[in-house]
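Across the two complexes that follow, chain A remains constant while its partner is chain B and subsequently chain C.
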Partner chain A sequence: MNTVLVVQSLISGVIMGAVYALLGVGFSLSWGVMKVINISHAAFGLIGAFIAYGMLKLWGVDPIVSLAVTVPFLFVAACLVYRVLILPVTRAKEVIVSSMILTFGVAIILENLLLLLWGPDPRLLTTSYSTRVLILGPFYFQYPQLAGFLMSAAGVALIHLFLSKTYTGKAVRAAWQQPEAAQLCGVNLKRISTITFGIAVASAGAGGVGLAFLYSFEPHAHNLWLIYLFLVVIVGGVGNVLGTAAAGVIIGVITGLSLAFLPYQWVNLLTFGLLMVILVLRPEGLFRSEV
Partner chain B sequence: MRRIYSVLFPAVVATIGLAVIFASCGPVAAAEKPIVIGGSLPLTGQFAETGVWIERGMKFWAQEINAKGGLLGRPVVFKIYDDESNVGKAVTFAEKAITVDKVDLLFGGYPGTASRAVMPVAEKHKYVYVSMGGHLKSFEQGYQYSFGGPPLLGEWWYEGFFQWLETVPPEQRPKKAAVYTMNNPIGASLIESIQKWTKKLGIEVVVDEKYNLPLPDASSLIVKAKQMNCDILFANGFFADGVMMVRAAKAMEYNPKAIVQGIGSVVPAWIKELGPDGDFVFSGTVLHHKLKYPGNDRLNEFVKKEYELDGYPVYFGFGYAWMDTLTQAVEGAKSLDQTKIRDWLRTNKVNSICGPIKFDEKGLPDPINFCTQIIKGQVELIWPKDVRTAEPAYPKPAWGKN
Partner chain C sequence: MKAAATLEIPRKRIAAGVVVLLVLALFPWLGPPVYFVSFLFTVFLYVTLATSWNFIGGYAGYLSFGQVAFFGIGAYATALMQNGLGLGPAGTMFSTIPAGVLAAVVSAVIGYPCLRLRGPYFAVITLCFAFVIQLAFRNLDVVGGADGLWLKAMNLPIEVSRSVMYEAMLILVGVTVLVSIAVSRSKFGAGLRAIKEDEEVAQTMAVNAPMLKMRAFALSAFFTGTAGGIYAYYLTYIHPDIVFDVNISILIVLMALFGGGGTWLGPVLGATVLTVVNELLSTFVKAELARIIYGLLFIVVIIFMPNGLMEFFRKRSEDRRSASPESAA
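Right after this comes the complex of A and B.
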C-alpha cells in the first residue's frame, strides 16, 4: 500500500470535509430550528468569500482578519432578511417548501448582485502564505488548507459552545426541541429565530472564506457548494451541529480514501452513493437530529 | 361629369403622390431595417466568464461594421439569449431565434457541448452556423451549414505544443507523463493527440486518470505524479481544477520539465489570479493577440482602450472572428440567403484574424494551432517558429527559482 498517497489524500479529504462542515452547521441550524431550508445559504457564504477577496485586494487584509467585518455584516444582513422576507413565510402551512422557493429567489438575487459587482471572472484568495507548506516527514500541509481547517474547527466549536453554554443558545435549543414549552417559559420565538438565522448565515460567511482558501470561486459557485451542504447536513442529521461537523469529516475521509484507492472518476459516484444509502437506511442522518 | 372629374382628379393625384412617396421611401425603409443576428451565449453559470468575452468580441464587431455603414448596407443588431451555461437552453434558444424571432443570421455559441448541440438545429432549419464546433466528431456528421470559422477543437489543442516538443533533442525531452483529464467531452477530445504524440516521441504515459468535476482535491494527483517521477504533467481541465493542480504542484515541490494545461490557462484570470505561479504553463490556441494577421491590431487597440488590457483575450477574438467570417460570407454572397452564404463559404477563402482559412467538405479549415507558454505573466507564442514571440522556457524552472 502506498502509505504516503493514502495519508496525503486523507489529510486533504479531512480538511475539505471540515470546511464544508463549517458551511453546513448554519444550514443545519436554520433547517433544524426554523424548518427553513435556506437555499441562499451558500450564496451568503460566497458573499463572505468576496468580502475577504475584496479586503485582501484593496487593503491587503488577511482573509481570516476580514472575518471581523464579514461575520457581523452577514449577521445583521441575515437578521434583516429574516424579518423582512422569511418570517412571513414561516407562517405558511408548508414552511419547508415555501422557504425553499423564497430563498431560491434570494440566492438568484445575491448571485446577480455579485455578478454586477465583481463580474463573472473566477477569483483566488492569494495571500502571502498561499503556496507555503508545512512539511512533516513525507507529508505536506498547505498553509491555506490548514487555515481553512483551523477556522472551521474554531467556528464549529464556537457555535457548539454558544448553543450549549449561553442563555440564548439554550433558548435556541429549547425552541428547536419544544417550541410551545419554550414560549411558555418566556422564550421570544421571533427573536430567537432571528438570532438563529443570523448566526447561521454569519457562519456561512466564515465557511465561504474557508472554501475560498481551498477553491477558486465565482458568483455562481454557491450552486456547487449547496450540493455539498445537503450532503453534510443529511449525513450528519438535520439540526445537529456536531453531527454535521462529523459528517463533514466522514465525507472528507471517504473522498480522501476514494482518491487514494479508486479511479478519480468514481469519487463523486461513491460520495453521493453514500448519501442515497443513508437516506434509505437512516433518513434522520447518521447522528441523532438535535441542536 | 364635371362633378365626377372634380372628385376623381384629386383622388388620382393623391394616389399617384402617395405611390411616389411610398416608392421613394420603400427602399430607404428596407435599407434601414437592421439585420438581426440571434442565438445564445453562456452569460451566467459555469462558462459565464468565457461567454462574456465572446459577447464583447461580437459587440466590437457590430460596432465596427455599423460604423462602416453596416452589412449589405443595413445596420446589424444582436438578439442574444443567456443560456445560463445550459446546453438544453442553448438548443431551445437556437430554435427560438430561428423559428420565433426569425433572425437573419445565427451566431456561434459556447462551449463545444452547446455548439455541438446547436449544429443539428442549424442544419434542420438550413441556417449557416459559424462557431467553434463541438470537437472533431461534430464536424463529421455530414452537416452542410456548419463551419468552424475558426474552430476550437480539443483534438488540435496540443498539436502546436507537440510539434515544438519534437524539435527538442530527444535526450532533453520528458520521459514519463502524468495525464489527468476532466471526464467530459472537452477533456476526452484532448486525449487522442496526447496518446498519438507521446507514442511518437517515446514518452511513457505512466499515469492516465480521468476525474469528474468538481475536482475535490489535487494533492493526491500530484503525489502520484511525483512518486512516479513524471517529468511532464498534462492537466487537461478548466480553470478551477487547473489552478488546484498548479498550486498543489508548487506546495509539494513537484517540478516536472513541463506543465501542459488545457483550457483553464487561456482565460485572463489565470495570469491575474495566479500571478507568477501561473508562469511556464504550456497550452495551445487558435487565436492570439500577437499574431500579425490584419485585424489583430484593431482588436488590441479596442481592448486596451476599453478594458486596459495589453492584448485581446482569446475568446474575445473568437467572438469577433466568427462574426467576421460570417460578414465575409454575406458580403461575398451579396445576400442573406443561407444557401448562398453556405456556398460562398464552401468555395472561397476567408481572411481571418488567425490567418487565411479555407473550408473543406466538413466545414473545417486545415488544422490551426499555435503553441503558447505563459512567460512573465504574458501568453507568448512558441510555435510555429515564424510566429514566435518569446523563447520557450524549458525545462520549467523549479518553483521559486524563476
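Right after this comes the complex of A and C.
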C-alpha cells in the first residue's frame, strides 16, 4: 500500500473532521441541553457560507473576516427564533418531535430564501490563496483547507473553554444535567437556553464557512450536511463537546481513507451503514458523556 | 366519553363511509377531466402512506423516517416482476401484493435490531436506512442502477388507464384505513398505545412489546410497499431518486402528525389537507415561494396545534361544550 497516499488521506480526513466537529458541536448542544433537534442547524450553516461568499464577491472580504458579521448576526437571529418559535413548543407533549417539525419548517424557509436570492448553482469560495499549496516533505496542504481547519479547531476550543471556564457556560452544563436544581441555584433557564441556542447556531455559521472552504455548496447542500451532523453527534454522544470533536475527526478519517480507495458513490453508503451499526451497538455514543 | 360508543361503530357512520366510498368509486366514470382523477389518485396515495405510517409512528410512537425505503422496494419489486415475468395489466396489479409482502419482510429484518432504539435514535436509524437503500439501488446495475427501470404501460386510452389506477389506489386506501380503524379498536392497538405511553410499564403488564412493534412495523411496510407498486405502474418509469426520495419519508411523517398521529382519522385528514394545499400552492405560486409558505405552515401548525389538527378541534369543541350552560348544569 502507498504510505504517502494513506497519510495524505488521513490528513485531509482530519481537516474534514474538524470542520464537521465545529458544525456538530452546536447541534449536539441544542439536542443535549434543550432537547431540541434543530433540523435547520445545517441550513444556518449554509447562511454563514453564503454570507462569506457574498462578502467575498462584492467587497473582497476574506471569509474568515466575514465571521465578524456572520457570528453576531446568526447569534441574534437564533435568539429571536428561539424566543418566538421554539420556546412556545417546549410546552408540547413531545418536545423533540415538535421541535423537529418546527425546525424542519425553518430549514425549508431558509433553503428557499437562499434559492430565491442565489439560485440553485453550486458556488465555490475562491480566495486569493485558493490555489496556494503548502508543501511539507511528500505531503501537501491546500491553504483554504488549512484555513478551514484552523478556524474550526479554534471554534471548537472556544466553545469548550466557554462551557468549562465561564459562569454562563457552567450554568449551561448545570441546566443540562439538573434543570430543576440549576433553577433553584439561581440559573435562569430561559435565558440560558436562549444563549445556548444562539451560540449553537452561530457556531453552525462558522462551521458552514469551514465547509465552504472545502467543498462547493448550493442551497440544497444542508440536507447532506445534516446527515453528517447526526453521524458526528451520535457517534460522539449527544451533548458531549469533546466527544463530538473526536467523532468528527474519526468520521473524517474514515471518509478520507475510503475516498482514497473506494469509488465516490460507495463512500456515503459506507458512512450511513457505519452509523446504523454504531446506533444499534452503542446508541449512547462511543465516548462516555462527561459534561 | 361513553365507553360503549368507542367499541361499537354507529350504523350512521358505517353508512356514511360506504356512501363516500361509492361516490369516490363512481367519480372517474362520470367523465371528469383527467387532471382531477390524477389529483385524487395522489390524495389516495398520500392518505395510504400516512395511514400506514400511523401503525408504527402514530399508535406505537416509533417515528419511522424510513417509510420511503419500503415504498421504493415495493415499486422496484413490481417493476422487476413485470419485466421478468412479462405480466399483463392484471398481473402487474396483483404483483403489488407480493411486492408489499417483500417490503414487510425487509421491515422485519431491519426492525429486529432497530426497534430496540427509542425516540430520536429510531428516527435517525430509519432515515439512514432509507439513504442506504437509495444509494444501494442507485449503484446496483442488476436493478437498473442510475438508469432506472421502465414498466410497460397499460394499452388503453389515458382516461381509462388513469381511472383503473384510481380504482386500484382507492381499493388500497380503503383497505388501509379499514385496517387502521380495526387496529385502533383492537387489543393489538391498545398494546401499541401502551408502548407509546410507557414501554417499561407496558411490558410489566404482559404486553409483548418487541413482537407488537415488529407487527406494527411490518403492517406499515406492507401497505407502503403495495402503494409503491401501484405508483410504479402509474409512473411507468422509476428511478432511485424518484421512488426513494427521502423527502417522501419526511412528508409522510409531517402529514400524519399534522392531522394527529395515534388516531385513524388524523393521518387521513392531514394527508388530504396537505396534498390539497401543496397542489394549490404549486399551481398558483412560484415554486420557491410555495415552499416558503409550506414551511411557514409547519411552524404555525406546530405552535398553535402542537398535537395535530384532530386534538386542536377536539379541544375546541370540548371548550365550547363546557362553556355552554347546558353542560354546566
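Note that the second predicted complex is superposed on the first by the 281 of 291 C-alpha atoms of A that agree within 3 Å, B and C clash if a C-alpha of one lies under 4 Å from a C-alpha of the other, contacts with A are read in each partner's own complex, and residues count from 1 in each chain.
One rule holds for everything that comes next: contacts are C-beta pairs under 8 Å (C-beta built on N, C-alpha and C of every residue); 3 or more make two chains touch, one makes a residue touch a chain.
Remember, predicted model here, so these are calculated numbers, not experimental data.
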item: Contacts of A:Leu124 with chain B and chain C, given as first, second, both or neither; value: first
item: First, second, both or neither for A:Phe104, with chain B first and chain C second; value: second
item: First, second, both or neither for A:Gln265, with chain B first and chain C second; value: both
item: Which of chain B and chain C A:Phe230 touches, first, second, both or neither; value: second
item: First, second, both or neither for A:Gly273, with chain B first and chain C second; value: second
item: Touching partner for A:Pro283 - first (chain B), second (chain C), both, neither; value: second
item: First, second, both or neither for A:Leu115, with chain B first and chain C second; value: both
item: Partner chain(s) touched by A:Leu161 [first = chain B, second = chain C, both, neither]; value: neither
item: Residues of chain A contacting chain B in one complex and chain C in the other; value: 111-112, 115, 265, 268-269
item: Chain C residues within the chain A interface of the complex; value: 63, 113-114, 116-117, 119-121, 123-125, 127-129, 131-132, 135-136, 138-139, 246, 250, 254, 257, 288-289, 291-292, 294-299, 302-303, 306-307
item: Chain C-touching residues of chain A, taken from the complex the two chains share; value: 31, 37, 85, 88-89, 91-93, 96-98, 100-102, 104-109, 111-113, 115-116, 223, 227, 230, 234, 265-266, 268-269, 272-273, 275-276, 279-280, 283
item: Residues of chain B touching chain A in the complex; value: 43-46, 48-49, 51-52, 180, 183, 209-212, 214-217, 219-221, 223-224, 227, 239-240, 243-244, 247-248, 250-252, 267-269, 272-275, 277, 399
item: Chain A residues touching chain B - in the complex, by the definition given at the top; value: 2, 4-5, 8-9, 11-13, 16, 111-112, 115, 119-124, 126, 130-133, 140, 142, 215-216, 218-220, 224, 255-256, 259-260, 263-265, 267-269
